[in-house]
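In what follows, a single structure is set out as structure tokens and then discussed.
To keep things simple, chains are lettered A, B, C and D as they appear, and every chain counts its residues starting from 1.
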């Protein structure tokens, strides 16, 4: 499923990492998980080993084995497997990027190191360039999630700098509520895929032209969000809003139950 | 221009406070300012002495004289003059609320005290109840601006508590980027006016059903934003987005010039 | 009790503002309060209308009446009455500063406006200069409390700028845990009084040469803290530490009871 | 150099990780580095692969090779080699802990995972228990650095919970400015080593009974800080303060030069 220049659009489920009761990764259920996403939730794109997949808390070896399983079982059933390869250090990120390419992933993504942080925006661009260069054939997406990394550079400014520097750069997973920054990315950099990452207010990003959405709730609310996208694209904002509000009521309940554990319970 | 139960909709300019070179309030230009807003920007509602009007940095006496001038010159020309009466202390806020009612303001609003903060949501509701009770005939709007106050209670939860407690409560000036909270307010409390306060991403709030918008940029971009609202209400999201993006490019430049001074320069 | 160039040293109680059950200021008990501080807690300096005194939540009129009562009843019994005159706006602060001077206060202090904040350190210095100039005969102390104002300029850098600009500048009430900044103030600007404002870790500031301490706990733990200062000045660090630890255990309990209400209960 | 129950006291240099121009770890200079610390800075304890050593940005393999080199070259010359084994995930941390024990480290330490954070204090204690259990023979130190992790639990409360749960728990590297929390740890848990981690205000922690100090500046200011400790222990606070102030002036300059790069330049 090599990325053949087609744009990354629509819903992309940020997959959970199935685990055994004693917290070992459980590869045996991934095929079943893929089939559930495709058949039950009509999801054809997945973002693995991200925040929802607890990638940053897994070992490099665990992340590689997961990548291999997702790619193997998604082949022929899904359009794109995007592998999150970001770590706190450059060498691990490059290692995971090269590995993702070697086993046929469709794209890679990386969050910014957040313990020791880049000193400025240029240092971040340099880091992303290094990571992307370890898998030059794969489209690269920057994973922007200031709520967890504390890195708050304007993505609109980042995109201006990556254009000349990172040939494989394809877009951003934008997990933030600053919709002016998001909107400027969409309107000023039409060559990049702007994928929104705050599920509970996706409709706001769609209003600003979001190309797609990456999130954990599409694992179990794929159909509902698909209906919202469809209504929105058909110009029926009333219907799209109604669906999003019903999703918000559900998510308000889930968040109240301490979001994270709540999400995995589905 | 007493509030006759009609809803507060559309654009509401958060007025600047005109000042003389040595920082005294300049009441002489307010009539001219009202005419400019009505004739040049087609603005028929104003929110005075708010953040844009530097109300919190003015003395009580200055705020009262400003209120009187705005009400006097807006009479017969504008639909609503909303007076921000919030202070760091209760007695001053109640004083300004009673005064606003006495001189014919159409509604009042109050921000949450932010130096010594309420201990919890119930304490905030009690405070708002006290302020509103000083002008029981005037519709009351809570001014939510966590970026400046540090008060981050969910407004969706606040609205649930004010319903039984504050008869004159009419809605919220929502100056935050959490559109899930905003959306739940709109969908769950249809009796309240949900006015969005982050001009640069208004389109996102419109997608969630915002009734109106209060902001500083409507002082000089009233027409442009009016065109956006019109396009949006006509179902032409493409056109609405195009206008909002052009506004964002301008505001990106203004913000870069240290927002505040930039805004007053127009 | 005009400030005759002597340094401000030792314990300074940040007084509570006595209130009646319906939250009116209660001036009738201030004389009794002064006598209690002098006779029972051996406190000879007070800092009125500060954070502990809820000054920022009171009206200008209430603050003036309190100032008059504290000065009247402290006269002849105490060495110094320092009046906090800071407000969110310049005109109110200057009004309170001039009033404090007119009724015989010994010094004034002002916090930085925290709703609309100064754009940079120079703007803050200009503001303080203006406030101090409204009471040129009174020593002026900057009240640094980043936890509530969000203003985090290094005081060491502020002192470098005020030296030439504010003739009546005498020092700082330093309510922050950055002891490197505090220490550099003490060692580099020997002409200024560096008064520490985090009661629970006063011993740390004493180690860096703090001249005195302003705090709410000295209202009811004046004697105990006096013993600590005495032990410290006598070079008995062991004993000073023991006293501070016993105070910390008590304050840990008070903080657990929601600090503020806890403090007023004493 | 097995930890024979003696307390960890005095200065502990948080070592830098020597790197080649193209950012590979440079093991060849570690022996020379150990000799420099022992002979030139009179440092006999080191904390490797911590924040200063950029441990969190290195691969597991790099951290293991560094541990082996430090232990090999410190043997017979230094008293203690403490290895930071904390990672964002449990399995990696346990892997590094077991490795550190296998190659003769004297103690281990771990920071709290900071991308996906523990839900509460009990979850953190459980995590630390798991990490420590991978090297049950080695003393375990919790590395508290809220400025980078965002984890702000009171260590005084953590120590109360670890006592019964983690047999090998020996103390805390306390890299925070909350000296009340630090002081309560020292006074309430005499069985634990409380090592202070904010070099620039060490004197404040000494006043509260700090047993030792772990920091990057002891790499090149070991002698000077040694003199400060000596003066302090001899009861000469004046001299100790003078030394600390001179160190602060130097560090103020270093911090101004963007701390990190500044520190490595020495």
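To be clear about the criterion, a residue touches a chain if its C-beta (ideal position, glycine included) is under 8 Å from a C-beta of that chain, and two chains touch if they have at least 3 such contacts.
These numbers come from a predicted model, not from an experiment.
Asker: Within the chain touch network, how many edges lie on the shortest path between chain B and chain D?
Answerer: Tracing touching chains, the least step count from chain B to chain D comes to 2.
Asker: Taking each chain's centre as the mean of its CA atoms, which one is most distant from chain B?
Answerer: If we average the C-alpha coordinates per chain, D ends up farthest from chain B.
Asker: Go ahead and note the Å separation of the Cα centroids belonging to chain C and chain D.
Answerer: Chain centroid spacing, chain C to chain D, equals 36 Å.
Asker: Between chain A and chain C, what distance separates the C-alpha centroids? Give it in angstrom.
Answerer: Averaging C-alpha atoms per chain gives centres 51 Å apart.
Asker: Applying that definition of touch, give me each pair of chains that meets it.
Answerer: A-B, A-D, B-C, C-D
Asker: Provide the residue numbers of chain D that touch chain A in the complex, in ascending order.
Answerer: 23, 51, 54, 56-60, 62, 88-92, 95, 113-116, 119, 148-150, 258, 260-261
Asker: Note which residues of chain B are touching chain A in the complex, please.
Answerer: Touch list, chain B to chain A: 156, 177-180, 183-184, 187, 200-201, 203-209, 235, 237, 241, 244-245, 248-249, 251-252.
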